[in-house]
Amino acid sequence: MTGHRITGVVPPVLTPFTADGEIDLPSLERLVTRMIEAGVDGLFALGSSSETAYLDDSRRVAVLEAVMGIAAGRVPVLAGVIETQLERVLTQVRVAERLGAAGVVATAPFYAITGPDETEAHFRGIAAATDLPVWAYDIPVCTHLKLGADLLVRLGAEGVLTGVKDSSGDDVGFRRLAMKNRAAGEPLSLLTGHEVVVDGAYLAGAHGSVPGLGNVDPAGYVRMHRAARDEDWVTVRAEQDRLAALFEIVFVPGDKVGTTAGIGAFKTALRHLGVIETNVMSPPMVVLNDDHARRIGAICDAVAVGAVASA
Amino acid sequence: MTGHRITGVVPPVLTPFTADGEIDLPSLERLVTRMIEAGVDGLFALGSSSETAYLDDSRRVAVLEAVMGIAAGRVPVLAGVIETQLERVLTQVRVAERLGAAGVVATAPFYAITGPDETEAHFRGIAAATDLPVWAYDIPVCTHLKLGADLLVRLGAEGVLTGVKDSSGDDVGFRRLAMKNRAAGEPLSLLTGHEVVVDGAYLAGAHGSVPGLGNVDPAGYVRMHRAARDEDWVTVRAEQDRLAALFEIVFVPGDKVGTTAGIGAFKTALRHLGVIETNVMSPPMVVLNDDHARRIGAICDAVAVGAVASA
Amino acid sequence: MTGHRITGVVPPVLTPFTADGEIDLPSLERLVTRMIEAGVDGLFALGSSSETAYLDDSRRVAVLEAVMGIAAGRVPVLAGVIETQLERVLTQVRVAERLGAAGVVATAPFYAITGPDETEAHFRGIAAATDLPVWAYDIPVCTHLKLGADLLVRLGAEGVLTGVKDSSGDDVGFRRLAMKNRAAGEPLSLLTGHEVVVDGAYLAGAHGSVPGLGNVDPAGYVRMHRAARDEDWVTVRAEQDRLAALFEIVFVPGDKVGTTAGIGAFKTALRHLGVIETNVMSPPMVVLNDDHARRIGAICDAVAVGAVASA
Amino acid sequence: MTGHRITGVVPPVLTPFTADGEIDLPSLERLVTRMIEAGVDGLFALGSSSETAYLDDSRRVAVLEAVMGIAAGRVPVLAGVIETQLERVLTQVRVAERLGAAGVVATAPFYAITGPDETEAHFRGIAAATDLPVWAYDIPVCTHLKLGADLLVRLGAEGVLTGVKDSSGDDVGFRRLAMKNRAAGEPLSLLTGHEVVVDGAYLAGAHGSVPGLGNVDPAGYVRMHRAARDEDWVTVRAEQDRLAALFEIVFVPGDKVGTTAGIGAFKTALRHLGVIETNVMSPPMVVLNDDHARRIGAICDAVAVGAVASA
């Protein structure tokens, strides 16, 4: 599948755990299969929503191997190579190559403080070291650095980058990225990571989405994508409004922040839907409680997420 | 006009200056008249784009008076009351009342550090002191404080706020605001200030826009608004793409930041179009140079802004 | 007193209010007199701690007039001219000139977004418009812009600036400022605004302090200053440790932020000490409650602040 | 050495590279030996200044092994275990245990977004998994999270933490940390990482320093520490002023940011002093050029850093 342009719905795959904190392969199989059957266009393993930052190297390998095995070539699988700097990224790239991923997704450097020159050299260094397509993952809330539209399009035009996963929360920047990408002949595939404004991103020029919430309701994102392709904007908006209402599950644990709230809510919803076994997260993340679960279940029921979703 | 719900295109009115730095009333008259004739639904005087932060009290009065006089009741005029804290805001509110503005637009407190309780008390204090409709102006890039959707909708439902001008750059937050506003019976009129993603904001539920770029191309924003009202999304997108291409003028002075680049580019474009006399800005802002002007003019010509635009 | 170099302890003067929210002149008189009698070297009226951001223009005039009158030439009085931009700052400068202040203290521009060129032009514009000495007030927590050491020393060497009040919370930056100032022949008087690390600032090269806590315990800051001048660092440290213990009063209202906590705690301590009548603050700031007051009083007693402090 | 309280000068050891980018063991041996002979009290391997974020796991092992071997028990060696989250940190802790480090130094979680509960559980999880003393590394410029004084002292009092390396740039916070630590019976050893304000940190209560610049001039930091211990503050200040003048080397590459400028300058100075062979850094960091080197050399000469420093 390598080399093909990936567009459409490419959810970041959650990592289900057993009550003992082990990777729960049967749950992972149900999760991935349900997304593929719902019609997603690809999968993104080892993204932020996969709890990658919490997994040691051996568990990262196990997760990627499992997702690749379950997908079994039905859809392309992108592999996150989330690491602080070039040398450490390349260690992860070797794993992705060995397991046959359809591409790698790398963030800007983080922890160590680098500037524009180093950021550009970082992506060039990755591309120079692999034949896999390289995606830039723009996620300043984690890396604390925004990737500029000019840099991204330039690297796209040169064949260094094949696409961008935009989780920057900067819709003005995304519009400019899409505009410059079009002017350059669309070298980049542009996917948005923001679950509740995918409709606006489609108007701006997105080629698809990487929605964490797509683990919970893949069929909704597939329907929205097809409607956008067909220029049926009334349906796009209606589907987006429904998914935005569903996304409120992440605000249920109002006393929790970031990863705990977001991934915790997704896992709790999937347990409610019978897709995965537990809502356990990697330590030191706190597991959501019964009260959270009850309210999250109620939201899922209210917006009618099918337990076995189909597009 | 007070009390009527204001929706649609409500540009923040620039403040033209003569070469000597005086308020240029003939230019202001041409500017305002052109926007009204293009079909805008209202005007926002003394906003950030009016260089309000640069004007002393007497010039603020002169500007508001002039805009009210030119509008002459043809469209409602909202008055910015941008000040650090309640007592100082109320001084500005008295002026707006005296001159007959259709509402006042207030930011969160700034400079002094305040929290959620003080922010809420700030807006309640304004509303308690005037019969004018009160709009919240969410502009964290200036105030360094984001207004929460729950607070805004609650104050809307209680009649404290009548609307929101959202310049927060947070499209996820705007979707949630629109969603909560609908659930509460739409007490708030929601206008977006982000010129290049108005289309997505319409999908999310915006009732209109407050585009600084609307000074340069009011007809474009009016066409986009009407197309959105008619659910003609292909036209909405096409118009937005054209306006986003025009917005590139603000990136021409790449060595300048913020206000100088944005307002400087708008003024330079308007001079190119023959609407205003000079591109002078308030000191200590640096005036854009001839090279900037040439490139800004070229962009205007390329996207075909009419010198005398009509909707 | 104008033109003399001001060093030593220069507290920012709080603005006491009556229960009705009016300026409480008798309390202000006691407050100012107590500081002068404790041996302070100057007073800073209309600073952040004076609630300047909360006062309308007429109250600003009243406060400055009152402080000048009470000081009656015994110590120099600096006047804050805290406003968003040049033109508005100059309006405040005129007042300071008329009332005979010994200098004006201006922040970087705020609210409107400006860059280094505009910041430099801002300070130059102030100095060009007045014969009063101009102090730069570096307070990024309010202005969201850090003043650079190179700019400050350059403006000092040119006679544009006469001193810096550093409330930047950047001790590394302050050391570099002091080092560059020495290399340039000490054109600037450097005063730190951070109550609990004045000792380190003295080692780094500070010429004095502008401590809000100096309203509560002026004698302590005067003793510390004299010990530093005498190179008696064991006394400096002991006094600083005692004042740092006293500063814990600002963390008592743990559920409050910024101005409310800081100024609220100072006022509550001064009421406990019998210096001012109430702990009322400008709306919309919330007044500290009885439980806060009890704990603040206990801290004051524990560190032995004299009701009528003397150096 | 495990279990002993470490105080004094504990430089973070740079990682020298050959022209080919391999770890340069002879240079590392000279660097470490010179610091030990200058009288440092310990060494911190695999810190930020060691380019740890740039080294893959095998190189991290090689570096720690080499530093341990060269130190050969003469001074204790702390090992950085800088990783995104608990599970990944523990992988690094196992290496530190195996090689016999005197303690591990862990930051707050980074990349993934966590809150206070997770941060506390993170440090508890590390301490529960090892018998090595655990140091908290407070470096918000890299982790984007400030560790609170109350949490640190509480974990110190419970025996979870043994010390803090403070690179927070928050001197007010450091004073409060030292004050609370004293009130709790000094459970924590407090070391500052800010090269130019170590003197103020000593006054505030620091037990020592972790200066990156200590690679370049270890003798100066040792002299300053001994003078502080002897309460000879005039010498402390003079030494600090000299070291602050030396620190200006990091501002020479003014067009470079963060790691490249800081570590690049240190390496370039050490090459000038004949201690290490090259100033090569890990890709994608850009190596400083000849002009930088000339100016850095001149600063070293001006402040008289001895090629073979001795205390």
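So that you can tell them apart, the chains are marked A, B, C and D in the order they are listed, and the count of residues begins at 1 in each.
Keep this in mind: contacts are C-beta pairs under 8 Å (C-beta built on N, C-alpha and C of every residue); 3 or more make two chains touch, one makes a residue touch a chain.
Bear in mind that the values here come from a model prediction, so they are computed numbers and not experimental data.
Peer 1: Just to be sure I understand the contacts, which chains border both chain D and chain B?
Peer 2: Shared contacts of chain B and chain D: A, C.
Peer 1: Hey, how far apart are chain B and chain C in touch steps, shortest way?
Peer 2: The distance in steps between these two chains is 1.
Peer 1: Using mean Cα positions as chain centres, tell me which chain lies farthest from chain B.
Peer 2: D
Peer 1: Where chain C and chain D touch, do the two copies share over half of their residue numbers, giving same, or under half, giving different?
Peer 2: Here the answer is same, because the shared fraction of interface numbers exceeds one half.
Peer 1: As a quick test, compute the distance in whole Å between the mean CA positions of chain A and chain B.
Peer 2: 35
Peer 1: State, to the nearest whole Å, the distance from the C-alpha centre of chain A to the C-alpha centre of chain C.
Peer 2: 50
Peer 1: What are the residues of chain A that contact at least two other chains?
Peer 2: Answer for chain A, listing residues that touch two or more other chains: there are none.
Peer 1: Which residues of chain A touch chain D in their complex?
Peer 2: Contacts found on chain A: 48, 51, 53-57, 59, 82, 84-88, 90-91, 109-115, 117-119, 121-122, 124-125, 141-144, 256-260, 282-286.
Peer 1: Within the complex, which stretch of chain D touches chain C?
Peer 2: Within the complex, chain D touches chain C at residues 169-172, 175-176, 179, 194, 196-197, 199-201, 203-204, 231, 233-234, 236-237, 240-241, 244-245.
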